[in-house]
Each structure stands twice: as C-alpha cells, then as structure tokens.
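Notes follow once the structure below has been shown.
Should a chain be cited, it is by its letter among A, B, C and D, assigned in written order, with residues numbered from 1 in that chain.
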Amino acid sequence: MSLALLILLPFGSSLLLGMLYLFTSLRSERLYALIGVGAPLLISLIALWLGYGQLQGAESLHVSLFTWLSIDALRIEFALSFDHLSAVMMAFVSVIGTLIHLFAVGYMRGDAGFGKFFAYFNFFMGAMALLVLADNPIILFIGWELVGLASYLLIGFYHRESANVTAANKAFIANRVGDFGFIMALVLLFGAVGEGGFSFSAIEAQIYSVDHALLSLIGVLLFVGAMGKSAQIPLYVWLPDAMAGPTPVSALIHAATMVTAGVYMVARFDFLYVLIPAVGLFIAVIGILSALLSALIATMQSDIKKILAYSTMSQLGYMFVAVGLGAYGAGIFHVFTHAFFKALLFMGVGAVIIALHHEQNIFKMGGLRRFMPLVFYPMLIATLALSGVAPFAGFFSKDAILAAAVASEYPLFGVLGLVVAFLTAYYMMRLLLLVFVAPAKHRHTSLHVSPYLSLPLLPLALGSAVAGFWGMGGAYGGGDALTHFLSLSDYAHHLTHKSEYLLALLSNLIAFAGFALAYRRFASGAREPQPTALFERWILERFYVDALYHALLVVPLRRISLWCERIVDDRFVDGTLGLFSGGYRTLATHFSTLQNGNVRHYALYFLSGVSLLSLLLLWRL
Amino acid sequence: MSESIIFYVLALFLIGGASGMITARRTIFSAASFMLAMIALAGMFALLNQSFLFLAQLLVAVGAIITLSMLVIVSVNISERYIPKEPHLGRDLLLGVVIAAPIVALIITALRTHFAASFAPIPDTFGTLASIGATLFASWVLPFELISLLLLAALIGAVVISRKGERS
Amino acid sequence: MSTAALIVTLGSVVLAALLALMMIPVLVWLERRIAGLIQDRVGPNRTNIMGFRLGGVIQSFADVIKLVFKEEYYPGHIQTGRALYILAPAITFSAALLAFMTIPFADTLHVSGEALRIQALPVDYGILWYLAIGALGIIGVLFGGWLSHNKYALLGTQRAGSMGLSYELPLGLAVVSMLLTYNTIDFNAMVAWQTQTVLGFLPAWGVVVQPLAFILFSVALFAETNRAPFNVVEGESEIVSGHMTEFSAMKFALYFMGEYIAMNSAAAVIITMFFGGYQLPYLSSAELIESFGTFSLALMVITPLIIYAFIRWMRRNNDVRSTLSHDGGRRFEARVLTIVLLIKLVVLELIFAYFAFAQPSALQTQIAVAVVQIAVFIVKLMLFNIFFIVVRWTLPRFRFDQVQRLGWYYLLPLGLLNIFITAIVIVGVGS
Amino acid sequence: MSPLHFLLLGTLLFGIGLVGVIARRNLFVVYMSIELMLSAVNLLLATFSRIRGDEGGAVLSLLLIAVIAAEAAIFLAMIIALFRAKRSIDAHDFTQLSQEHNA
C-alpha cells in the first residue's frame, strides 16, 4: 500500500495543484508551495522508511494493483516492486527532489505560473517514482514516457519565447528516437519471453532460452532508448538546449534524476547485459566517447548552465562505461553520488543566476564569493567532489569506475577516464574561479540570496562530502557496502590494493593539475575566449555535431519532404483525388443551383416528388 | 334539402374564399378572403352538428388568428412597397395547380372508390360543449395537457422571436 | 316547428332588432343630454316635428336622416380595395348586432311541453357566441383603418388591434371565473342561478358573488367597446378620429352605430351575467307566476303614482319659462303627451286589474310575466347604458401606454387570481 | 349531401392550400395557406367524427385548432422578425439556408 502511496501522492498533489491553478482564482504561493513541497516530503519519508527496511534485510516488496492489459498471452499487471536497486534510486530521487522543490519555492517566487510549475514538478516526481518502482518493462516504459512528458513541459515552461518551445520540441523528438529503440526492444523481448510472464523476475528466469543474436539486438535497442534519455552520443543534442527551462528543472531532471534513468534501466536489465559482453563494450565505448566529447566542449563554454549540462553528460558517460563494463554497482554508485553534487551545483548556479538577474555568461560574473558565501562554499565542495578529489563523494564512485576500467580487459578506458577527469577538474575550477573569485565584471554592490535558495544547498553539500563513504571500496577500509547491497550481477574485478592507491593518487594529481591550469588562466579573470586554433574552434562549435545533424538528417529529410510535397503529393495523390473532387465539384455546382436556400423551392421539389408518386399510383390504381 | 342548399352555398364561399386568398395580389384581400373561408368553415362545422367546434372555429380561427394577422400587418406597417411584386403569379399558380392536382386527384379517387359511409345516428347532445368536454376530460386528458404545453411553448417562442434588439 | 315557437322566435328577433337599432338614437340623445347635464348646459332640444321634441330625441332622428342622405364621398387616394373599404364598417356593425342576438329578454316559455327561449338566437351557448362574434368587430376596424391609407387611421387601427387583443384576455378570464361559478355557458341558466340568495338576504347576483370579476369584466368591456376612458382608438385630440377619419356619411354611420350597439350589447351582457338579467330581485320566474295577482295589485297602485309624478315633472319643465322663447309648441307637446300618458295609464290599469281579479290562464300569466321581465330587462339596460355614458363624461381619457399597462399588468394578473380563488372556493364548497 | 361531399371539399381545400404554398412568395399568403391546409384537415376530422358518431374526432379537431393558434403565434412572430431584419416579406429574400448567401 505504501508503494502505491509513493505513486499516488505526487500524482494526486499534481492533479490538485493543476485543478487549483486552472479552475480557481487562488494564487497564494504559500498554499501551492505547501502542497507542492509537502507531497515530495511525504514520499521521501516513506521511501526512506521503506529503504531502511530493505537495509535491515527485509524481503523486497511486490504489489500488483490491477491487471492493466489482458489480451490472450499478453498479460500486463500494473505492478510495483521495491527491491534494493529501487530503494537506492527512490531514496536519493525523493530526498534530492524534496530539496530541489524547496529550492524552487525560492527560485520561482513571483512567477505567474507558480502553481503550474509545482503541478508539473509533482507530476514529474510521480512519473519518476513510477519508473523506478516498475515491476515490469511496460510500466517502466510508462514512467519513462511520463518523465519525458514532464521534461518537455518544464523545458518549455516559459513558452512565450519560441526558443524555449523549440528546445522542448528538440528534447521531445530526440527522446522519441530513443524511445523507438526502447519500444522495439520491448516488442522483441516480449516476442521471445512474453508468454511466461513479463515481470523482471519472470524475464530473468527465461532469459537463458533466448537466442544470443536476438539478445544482442535487444540489448543494443534498449541502449538506444537509454541514449535518448541519458543524452549519450549521438542523441545528446537536446540536453544543452534543455537548459532553457527554469534552473530547478535543470537541477532535478537534467542532472540528478531523469537523465540517470538510462543507467538505471541498463542496471535493471543487468541479467540481460551480462550475457552479451560485446554489447556492453559498445555501451562503454559510447559512454567514454560521450564523456570525452562533452568534457572537451565544456572547457570552452561560456554559458554557466551549459557547462554544467555538458558536465552532466560527461558524468553520464562515466556511468555508462561502468555499466557497459559490467560494474553495475559502481555505475549506480556514481549515479548516487553524482545526484548530490550535480544537484548542488545546479542549485548554486540557480542562486547565482537569480542574484544576477538572469545573467548566465560566466565571463560577465565574478567576485561573488564575498556576497554569497553560503553558495560559494557548498559549490566548492561540490566541485571538489565532481573532480574526484579525495575524500569527497565523487572520488570514491569515480575511483570505483576507474578501477573497474583498469582491471577490465580494456584498460584504455581507464586512461581515457583519467583524461576526462583532468578536463573535469579544469572546467569546473574555471567556472568556480570566473564566477566567484575573479574580479567582478558587474556593477552589483549588494546581492541578496533568499534562504530558500541557499539553505537546501547545505544538506546537499554534506551529502556531496560524505555520501561516498557508503560505497567506499575495500582498499580504503570500506566494504563496497552499496555494491553488496545492490547485489547486481557485477563482474568481479581484482585489483590489488596497491594499484588502487596508485590509481587514486594519480587521479587526485590529475585533478589538481586541472585545477592548477585553470587557476593559472582564470584566477585573475579572463575575457571571453576568441578561438584561434582549429581545434579550439571545433570545440567551441561543439565539434559541429549539430551542424552535422542538420546537414545529414534535417536537410535531406527536408529535401525528400519537399519532393514528396511537390511531386508525389501534388501530382499523384492530389491529381487522383482532384479527378474525383473535380467531378464532384462540377456535379455539385450544377446541383447547388437547386439548393438556393429558398425553403419554398425545397417544398416544391418535395411536392413534385409526391405528385409524381401520386401520378404513378393513380396510373396503377 | 335545405341542408344541401346551405352546404353548397357554404362550399361556394369556402372554395371562393380559399381561391381568392391564394390569388389576391394584396395581402389585405388575401386576409379578407381567408376570413370568409374560415367563417364558411365554421358554418360547415355547424352543419356537421359540431356546435362547439363551430364556436371554437369562430372564436379562435376567425376571432383570434385573423385579428392577429391583421394586427401584425397593421402594427409592423407592412405597406404596399414591401409586398413582393410576384410578376409571374399566374404562371406560378398554374405550376402549383399542376403539381397539386395529382395529389388531390389521388385522394379523391381513393375516397370515391374505397370509401362508402353514411352519417351515423347521433344523440341530440352530439358536439355540444358538455358532451365534448366530457369526452375531452375522460379519454383525451393527456393530449389536452400536451397541447397546453405546446401553447405555452408557442407563447414563449413568439415573445422571444419577435423581441426587438439584443440579437445581432 | 310549431306556430308558437315560430311566433316566439320571430317576436324575439324583432325585439332584439328593436332593442339594438332603436336604442341607437335614444342612446345618442342620452349621451348628448347627459353630457350637457354634466357640463352644465342643456344639450340638443330644439329640433321638433310640429312642436314635438320628446326632450330632444328628434335631434337624433334628424341626424340619421342627414347621414343617410349625405353624399357618398370616397377619398381620392383610395384607389384599390374600395369594395373592402365599404365592407369594413358593415363588418363591425353586423358583428356588434349579431353579438346581441343571444341575450335572453325573458324567461323561457313553456307552451304545450315545448320550451321556447325568448332569445333572437335560441341557443344554449350564449356567452361563447358573444365572445366569438364580439371579437369580429375589430376586424372591420382593422380592414377599414388599413385601407384608409392615412397615418391617423393607421395609428388608430394599431391601437384598436392591440386594445382588442389585450383586453380580450381579462375579459375571457373574467368570463371563465363566472363560468366556474355558474357551471354553465347558457345565459338563461346563469339568470336562473342568480335568483338564489346569498347570506339569506342578498340576491345572488354575479356582482355580489364575484365583485372582482364584475370589475374586470366591465373594465374590459369598456375597453373593447372603445368607450371612454379607454377611447384611445378614436382619441380625437391625438389622432383625429382614428380608423374613422376617412369615412363619411353612411359608412361612418355604420361604425358609429356599431359602437353604440356594441355598448348596448355590453350593457346587456353585463346585466345578464352580473345583475340578474331580466329577473326582479327576490322574485324568481316561478314565484312571479305564482303570485302574479298580488304583483298586479301592487303595480295597480304604483303605476298611477309614477305617471302622475312624471306628468308633473314634464309640465313643469316643458313650460315656457323664459321670455326669450316664443315657442308655443312646447305647451302643446306637453298637453298631448299628458293625454297619451293618461290613456296609457288607463289601459295599464285595466290589464293589471284583469290579472289581479280575474282568473287568467297559465299561458296568459306566463306571457304577462315575460312582458314584465322584458320591461325589467329594458330598465336595467337603460340604467347600465346611462352608467356607461356617465363614466364617459366623467373620467378623462387614458394615454395609450397606460391603457396597455392597465390591461397587462393589472387586469390580467387579477383575472388569473380571481380564477384561482374561484376554483378554490368552488372546490371547497363542493366537497 | 353525403359525407363524401364534405370529404371531397376538405381535400379540395387542402389542394388549394398546397398551391398557395408552392406558388406564392408573399410570406403572409404562405402562412395563410398553411393554416388553410390545417383547417382542411380539421374539416375532415370533424366529418369523420360525425360519420362514426364518435366525439373523439371532434376533440382531436379541437386540439388541432389549438395547434393552429400556436402555429399562428410563431409564424407571425417570425414574420415580424424577418420583416425587421430585411424590410421584406418576400420569401425569395430569405435564402440563408444556402451557403453562398451566407457570406
């Protein structure tokens, strides 16, 4: 029952908020905030309580609400389950979600769509809960689609500007491409194993009977879905644009929760992916390429939110490397820690943006440390965590991934991971320095930060600092508690403690190298970069991927569409139809002279008919 | 015998009035002819021993409806120049007769060939107010009530339709 | 059809025609004289035939002759529809005349098992006939006014039409409440019902039983007959003469006479429905027949007194008091009339004596009672006509919108209320 | 004078009303023609009632008179409204049912 409550509470409050917003003239922000924050708070309490139960070794919960579809062999239960993986996901999603809701109360203050925003936000929480708690791929898919919808609604929240609507459309369409893959995978999977039940446990039980080639295809297609949702090459283009939404949206959806759905889904299907390591390798390659590419782009960006967006994509790349190489525990671990510091970073950035009246260019900021220490220090912690500096949370999770990569058959991933770590440290420090430390470029003398905006940062800062200890590897005295708790089908890698220490040292050194480079270049302020080298221009133009997509997909499609419109539609389709319709029109023109609107004439026609009938009858009589 | 004479005289008035109504070019003469026909029709009712119908016809058809029609002509002041000219009236009437003739002929043929009846013997009270009233409220109460509803609807409808202004 | 029936019917028709038509000059005379009285002047009293003025009634006959012999003139702008234009006043006139035809003048005679109604139209649906035919009068007004092609006529016609419609409703509602009371549509039965008494001493006349209905009915009839204070249709000071503006000579006279007949009919219907009709109060027909001897004796005593008083009044007023008048005819007229009245007195006394002391047959008594009732009817009729006239010359005319408002806002709801109350009372009494 | 005479007369009246509806453009005449057709039916009803000696027909006829009155009220109100709208009572001026005149 409490599981159903996890779903119903956010959806119910979303409905309530929507009704209040649409049908009443109530515009009390206090009320909307109370309902909007109350629901996530409640579900995070429930989730924590349930998660604590799981931690104490309780049985995983299953609840089947009703049979949703029952068509011959296709029998889909609307069922929810709460196992260890769900518990971890649910716990941090709800807690971080609650904090971001709280943050949003401050961020959205005074906005005309305050009530609408919280209706959407709670709707998103419900969808995310559905996704995480789903007991079968179909329900998961519903949640998957609903978070997509929520994301679409929230990106286009300021729908009066067409750019925002375009961004929302872009996100929606890019996600549809991924969803197409996902749905194909589900169809194939169902064709293969559907008759024996379609819940995750049932699929797991039958998975060995499936043909290997088919399984590979399913794995790839599932990953295509994950690409869309988690912004991996080549479907990542929507994520930077999605920053058009309000900053809490970016924090909640495009950093902490929704984008990790792909990782979660792959981890959920771990039993499938362990059977097809080739596909896993493919995932890892895509992941590391995404990480590298986006980290490179992030170093040259000047929009503060886009830097974070690319950073998110880069970290997601890490996670995919982990799950691709079979280190599911490490992947989820990184998801977990990343949620804390990335949410924190976005919220800090949101506070900065609000303080500077929606200025987003880092080169126009500076010197903010003096004005907002409560923002700066949490962000500093988050930056250190993101850069993998020991002993902050990011260090442990990233280290787990790097260790897995180094210990795997393909240590190249480890090397590239270190490169990415260097880049990460560089661009994060660049951001931090330009915003907080470098001389001010603006004329604000006093900047006020609402406690709603700064207070939620503190628990997250704490989380960023200490969350890593839960999954601390054996080398550092921990016991991989998280990995064991998740009990996914991890591939076991063996790395000696010494090599682990070496790796940790290396990665810390690299991070500090990145810091140092950034400090040297940006500590005393800098102008917006004017790219000179070819490579720099490439990076600034984001490797021309958008242009490439445009040239490869959009232009040919448009050409074909135009051709269809001009030739096929006009000549063939319309021509045939025109023949008919022209004939009708000619007939109709002639008949319409009869239909002259004069009722007496209609009576005349009618009576003429009666008259003729009468004549006929008279003649027959 | 005298009844026959009365019938034919009334029939003459009835047909004459009706024909005059549809042929007259001026509305007022149509109305006058129509009144004549309606009065003659009332006479027909009297001839059929329907004394109450006779009165109802006089009261409603002649007294109320003709007056109302005339009042509309007068009070809306639909004078000569608003009355349609109808240049081909003769031709139109001929067309109408051509169309209506088979229908009428059919009914008449049917009546003549398949209908043979005579008047049934009736009590003295036939058609009087008391008798009709008894029948009306004994076995026709529902239609009676429905008609009252119809009249109410017509009343409201007439008020709404003819109201000035507000409608664009 | 028996001889008696034929005689009675013919007699009734003649009587009705006389009462309707011969009443017109009398009413015109009365109108003028009463107007004069109210306006503190004499009124027409000069016209005479060999000195006979009959108080001025001769003036009315002179008017009739003038109207009959007046040149028939058609306004030049009335080109088409002249037949209907001429017919229109006739419609009004005949409708008014026909409406009068179902008024009973005396109680039903019972001759050799045959019930003979003393009605010009011996039917039992009197009030419906009156409503049906009375409403036709307006059609003549509408036709005539419309065909006059005249602004004033058009305005008058509009007013006439809307007045006719608005006041038909309270009229009908008042009639409905009376029908509920009397439980009949037959005038005779209504009169018979009114011979009862209420509260032990009051005659159960309609006016006593249903005072509100009486007020509604008579106000509505005032409006229907275009009498002041509701004569907005003519409204001389506003629209010349309404629908009659373009009519002259006999065509005008028909409208004119039609109005008086309508007034007369209205008075007749009012007394039939509300004032006991031809009945004497406290004396139903049966009682009258039974005690006709006593009744005659009483009349024998009263008649000479009345005639004596009348002669004294006449001689005093018909004398030449002013030196300005050299009209010796007046004294002559008074002398002749005195002789006529005395002869009449003797004849009446003889007749009364016959009924008082001889043993008249049942038929004779019945006829005598009928004659008495006719006389009573005429007296009541005259009184009510005078009431109509007095009202006309006493009250100012309403404005047209006021008339309409009165009809729709006050009379109509009152009529409905009255029906409601009547129905409740009848159900209450009946159960 | 048999019942047939009345019936034939009623039929004839109906036919005349029909002709009036078809041939005339004057809305008033059209309206009166419709009334005439209803009245013709009324005559038939009264006749049948008399033939059968059944007063049901007369009652029906009475109700029909009420319907005629209702029809008159509505039709006249419509004529007033139409006349106000277009200053015309020519049926040919009221062709709103056809699309091209709507524009």
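Going forward, a residue touches a chain if its C-beta (ideal position, glycine included) is under 8 Å from a C-beta of that chain, and two chains touch if they have at least 3 such contacts.
Keep in mind that what you see is a predicted model, and the values were worked out from it rather than measured.
Student: Could you work out how many touching-chain steps separate subunit C from subunit D at minimum?
Tutor: Graph distance in the chain contact network comes out at 2.
Student: Which chain lies at the heart of the structure, taking centres as C-alpha averages?
Tutor: So the chain sitting closest to the middle is D.
Student: In whole angstrom, what separates the CA-based centres of subunit A and subunit C?
Tutor: 100
Student: Mind checking the centre-to-centre distance between subunit A and subunit B? Centres are C-alpha means, answer in whole Å.
Tutor: Computed from C-alpha means, the inter-chain centre distance equals 80 Å.
Student: Based only on mean CA positions, could you tell me how far subunit A sits from subunit D in angstrom?
Tutor: Each chain reduced to its C-alpha mean, subunit A and subunit D end up 74 Å apart.
Student: Once you find the CA centre of subunit B and the CA centre of subunit D, what distance in Å lies between them?
Tutor: 7
Student: Subunit D: which residues touch two or more other chains?
Tutor: 18, 21-22, 25, 91-92
Student: Specify, in ascending order, the residues of subunit B that touch 2 or more different other chains.
Tutor: Residue numbers touching two or more other chains: 52, 64, 68, 73, 99-101, 103.
Student: Got the subunit A residues that touch at least 2 other chains?
Tutor: Where subunit A meets two or more other chains at a single residue, that happens at 604, 607.
Student: Indicate which of the five shapes (line, ring, star, complete, other) describes how the chains touch one another.
Tutor: other
Student: Hey, which residues of subunit B end up touching subunit C in the complex?
Tutor: 26, 28-29, 32, 35, 51-52, 55, 58-59, 62-64, 66-68, 70-71, 73-75, 77, 128-129
Student: Quick one: which bits of subunit C touch subunit B in the complex? Just the residue numbers, please.
Tutor: 80-81, 84, 87, 123-125, 128-129, 131-133, 135-136, 138-139, 142-143, 145-147, 154, 157-158, 161-162, 164-165, 168, 185
Student: Going by the contact rule set out above, which residues of subunit D touch subunit B in the complex?
Tutor: 1-9, 11-26, 28-29, 31-33, 35-36, 39, 42-43, 46-47, 49-53, 55-56, 58-63, 65-74, 76-81, 83-84, 87-92
Student: Given the complex with subunit B, which residues does subunit A contribute to the contact?
Tutor: 604, 607-608, 610-612, 614-615, 617-618, 621
Student: Flag every residue of subunit B that touches subunit A in the complex, lowest number first.
Tutor: So the residues of subunit B in touch with subunit A come to 99-103, 105-106, 109-110, 113.
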